[in-house]
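Reading through the structure tokens given below for one structure.
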Amino acid sequence: MVGCTLEFDVLEPSEIALQIAVAGPSRETLQVTGADGPIESVEVDRQHVVRAPAGPLTVTYQATVPPRTAVRPVTDLDRIVALRPSRYCPSDRLGGFAAGEFGTEPNVPTIAAWVFQRLFYQGGSSGPSTDAVDTMLSGAGVCRDYAHLVVTLCRASSIPARVAAVYAPGLSPMDFHLVAEAVVDGRWTVWDATRLAPRPTLIRIATGRDAADTALASTLSGSVILNQTEIFAIAGGDLPLDDHQSPVSLAH
Amino acid sequence: MVGCTLEFDVLEPSEIALQIAVAGPSRETLQVTGADGPIESVEVDRQHVVRAPAGPLTVTYQATVPPRTAVRPVTDLDRIVALRPSRYCPSDRLGGFAAGEFGTEPNVPTIAAWVFQRLFYQGGSSGPSTDAVDTMLSGAGVCRDYAHLVVTLCRASSIPARVAAVYAPGLSPMDFHLVAEAVVDGRWTVWDATRLAPRPTLIRIATGRDAADTALASTLSGSVILNQTEIFAIAGGDLPLDDHQSPVSLAH
Amino acid sequence: MVGCTLEFDVLEPSEIALQIAVAGPSRETLQVTGADGPIESVEVDRQHVVRAPAGPLTVTYQATVPPRTAVRPVTDLDRIVALRPSRYCPSDRLGGFAAGEFGTEPNVPTIAAWVFQRLFYQGGSSGPSTDAVDTMLSGAGVCRDYAHLVVTLCRASSIPARVAAVYAPGLSPMDFHLVAEAVVDGRWTVWDATRLAPRPTLIRIATGRDAADTALASTLSGSVILNQTEIFAIAGGDLPLDDHQSPVSLAH
Amino acid sequence: MVGCTLEFDVLEPSEIALQIAVAGPSRETLQVTGADGPIESVEVDRQHVVRAPAGPLTVTYQATVPPRTAVRPVTDLDRIVALRPSRYCPSDRLGGFAAGEFGTEPNVPTIAAWVFQRLFYQGGSSGPSTDAVDTMLSGAGVCRDYAHLVVTLCRASSIPARVAAVYAPGLSPMDFHLVAEAVVDGRWTVWDATRLAPRPTLIRIATGRDAADTALASTLSGSVILNQTEIFAIAGGDLPLDDHQSPVSLAH
């Protein structure tokens, strides 16, 4: 069972796009409560666009996710998009570095292990404008920075890669989590270079090129402050072990 | 009538994604000729993915495009994506600058005029890694740099914006062209801060966040050199006048 | 009367270069007290290089500065160095922007006023790697960011410029302060785009290309943590008024 | 014997600072010939500041340099300055990377060998705004880029480092050359990660933080175009062998 509660201050009538719902089938509830006046919530491609008047706004989401193993195939369009550089994964800048570090036969497990070894997990060491180059240079980051660096080094090595925002049972402290997906042997596989949560029990929320695509909450118009976030993610049964070295796929 | 001829050297069996076909309905032909051996071409979302053996490869595309005015509406998903920062349009970095320059009531014609006035068109002044910040600082660029700067300043002003790759009758010297699209009064409108071709006769090829999404040719696997490109774009009748200040929409 | 107290934790035998002493003649005292064992302090070009054993280290500096008006002339070597780009003032990147904004007859008061108007003073908005481009884009900064942006725009306009670290009577909250110096009518003049302290009572500590040259404390070898800094700067008599628009020179 | 001929177009009365004279004692001649009107040349710290009227300007320099071995000691001030980040050597950005790559006992020969192995020498692969981070990412550069990367990785490893512009007998094609100097065992030692010229016969021109400090010709005022540069550098006798791995010092 996974879910979250978000508390906003809406400073003027605003539109907010939320990415908190799980990607695949689930039994879920979404509650939006706020100031007097009409609150509208429409779903677009598993995002929820909330139109709210000024005042406090509380969003509560909860989902029970059945076991599933269906993994989407790698399409030509997936590969085209997942090889492009993006805001936080400027892979076009470091082709030479990747070739020097990973050679002519680059592989994803080696890249993910390199990122795990080279980075130091440190809350507050990065900000919203930090990109994968900044992270590689400073040697420190949080989950999004680890994911961005794996994705960037894969793309720079001509391996299609993207990010997935996930609920992560076992993560401590609990938070929204970001991991990398890369094509291995023609399949999408998931890599968490922080090694902070086992991959088999991750639950996908959103998929994108980098964190610009998976923001929890984006203001489309108006002005909004996100005051508080509570998240929970509980696996049914014990958490699985994960060596973080063999390929694992993330269901849709 | 628009079209192009691309000549490649394919150094090993390769997959190439081409974005040369016009976006909407047309009467078109695509010819792919190369070395002996199977050449496969599949269409994905108006891109052509060509799988070719090593050797020379020639692609010839030609389309006759009927007059059309159908413009797609601005969807919620359009707005969500078109507000995000991207590789060459890092709008998250310059919110303060945009607010200082364009004030609390930013508008797209003013932004496009500012870019027109501030930049100097200069072939060779930028490269494949140049982003909109580099361009604003250096004050010089080519069409892609103009489009990126308009898009970036719009997004930094909370105005959804994206790029369109187009055939541009009247452009001199003839080339593939990149322009900006931004939401004005709830509609997608097109802006060419280079002011080098009239907007009403532009023919859309691809739409994207920035030039990373609209590359003419991308290597998905293998190794390929693009040796030569010839483009033509002819409007039926005289070219229209364009003041480049009033809103114009680009058909899909 | 100006001065400071710095408290360090020296984690292993270390060498620290301090830039806290005023640049010109004064009646001054420097006290260095620390763990048992030899502490050496040598003066190099008004910097104090302290060699200390592991343990706590306290440095107390105090100076009474006589009134003075002697301003060093602008030498050829000054101009050569003050036109070069530097770490936090990458003026080579924004020649085009400066020409577009300040025209063919750029002048320093206009540049300083532009920086004052465009930036928002905000503690914590920048970090040790923030350069003048970052600051111009984000529109926010602290004193060092204001000084860097003035210097960068001057150099990009072919006006020699540098920074000065100063004691700043009247600054609130009291802190070490960084201001810009630029050549106007053949003389070094001082500009504080934060406008937070009157220029006539500033007392120069160090002069440099940017903040990389004026760090309060630099570790030359070993490992050191600066725990606490107290600063005071008191002008004799009332603080002068300063319109921050006419040229003022800073004594050496 | 070393020397050069520089041909300028002076577009308006201008001041140019030249760094072409060798650093130490030599038997040298400098000829400046140009348009009618007064041409002034003054020497400042081994730079020549030429004030010339509009028109063509030719500068010819030639020096015979006696054998010398005097190497200046490493002063405290040297170390203070050589640990600071600079425009093209932003060492503050990559402390984490350097620690991950070179460990807790970094040493200069290892760093120089790493740069030699990782970079590909390619004329035209970099420009005047390229910094050491760009170079490390792209994996290609020319002599200045090699020198900048060695310097940056040394500083990021707490090893004082700087650049030296040199005449380089044996370099092919002949050009002004830039190399790195770093402190090894308390002495300045010179490293050329391009390995394109033997170090013992290098002749120092200028010393600085990075290429911003050693520009061949800088315009202090006015407007100047450098049209042509011819350089020669001939060692007396056979060129020495150089393994580019043991420490060598560069005379002043």
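For clarity, chains are labelled A, B, C and D in written order, and residue numbers in each chain start from 1.
Everything that follows uses one rule, which is that contacts are C-beta pairs under 8 Å (C-beta built on N, C-alpha and C of every residue); 3 or more make two chains touch, one makes a residue touch a chain.
In this text, all values refer to a predicted model and were calculated from it rather than measured experimentally.
Asker: Please identify which chain has its centre, taken as the mean of its CA atoms, farthest from the centre of chain D.
Answerer: Following the centroid criterion, the farthest chain would be A.
Asker: Just give me the whole-number Å value for how far the CA centre of chain C lies from that of chain D.
Answerer: Computed value for the inter-centroid distance: 29 Å.
Asker: Need the CA-centroid distance for the pair chain A / chain C, whole Å please.
Answerer: Spacing between the chain centres: roughly 42 Å.
Asker: So the centre of each chain is just the mean of its C-alpha atoms; given that, what is the distance between chain A and chain D in Å?
Answerer: That gives a centre separation of 46 Å.
Asker: Where does chain A touch two or more other chains at once, residue-wise?
Answerer: Answer for chain A, listing residues that touch two or more other chains: 93.
Asker: Have a look at which chains touch which and call the overall pattern line, ring, star, complete or other.
Answerer: If you draw each chain as a dot and join those that touch, you get a single closed ring.
Asker: Mind giving me all the chain pairs that touch?
Answerer: All chain pairs meeting the touch criterion are A-B, A-D, B-C, C-D.
Asker: Can you check the complex and tell me which residues of chain C touch chain B?
Answerer: 93-97, 99-100, 117-120, 133-134, 136-140
Asker: Which part of chain C faces chain D closely enough to touch in the complex?
Answerer: Residue positions touching the partner: 17, 42, 44-45, 47, 49, 75-77, 79-80, 83-87, 90, 92-93, 128-129, 158, 212-213, 218, 220-221.
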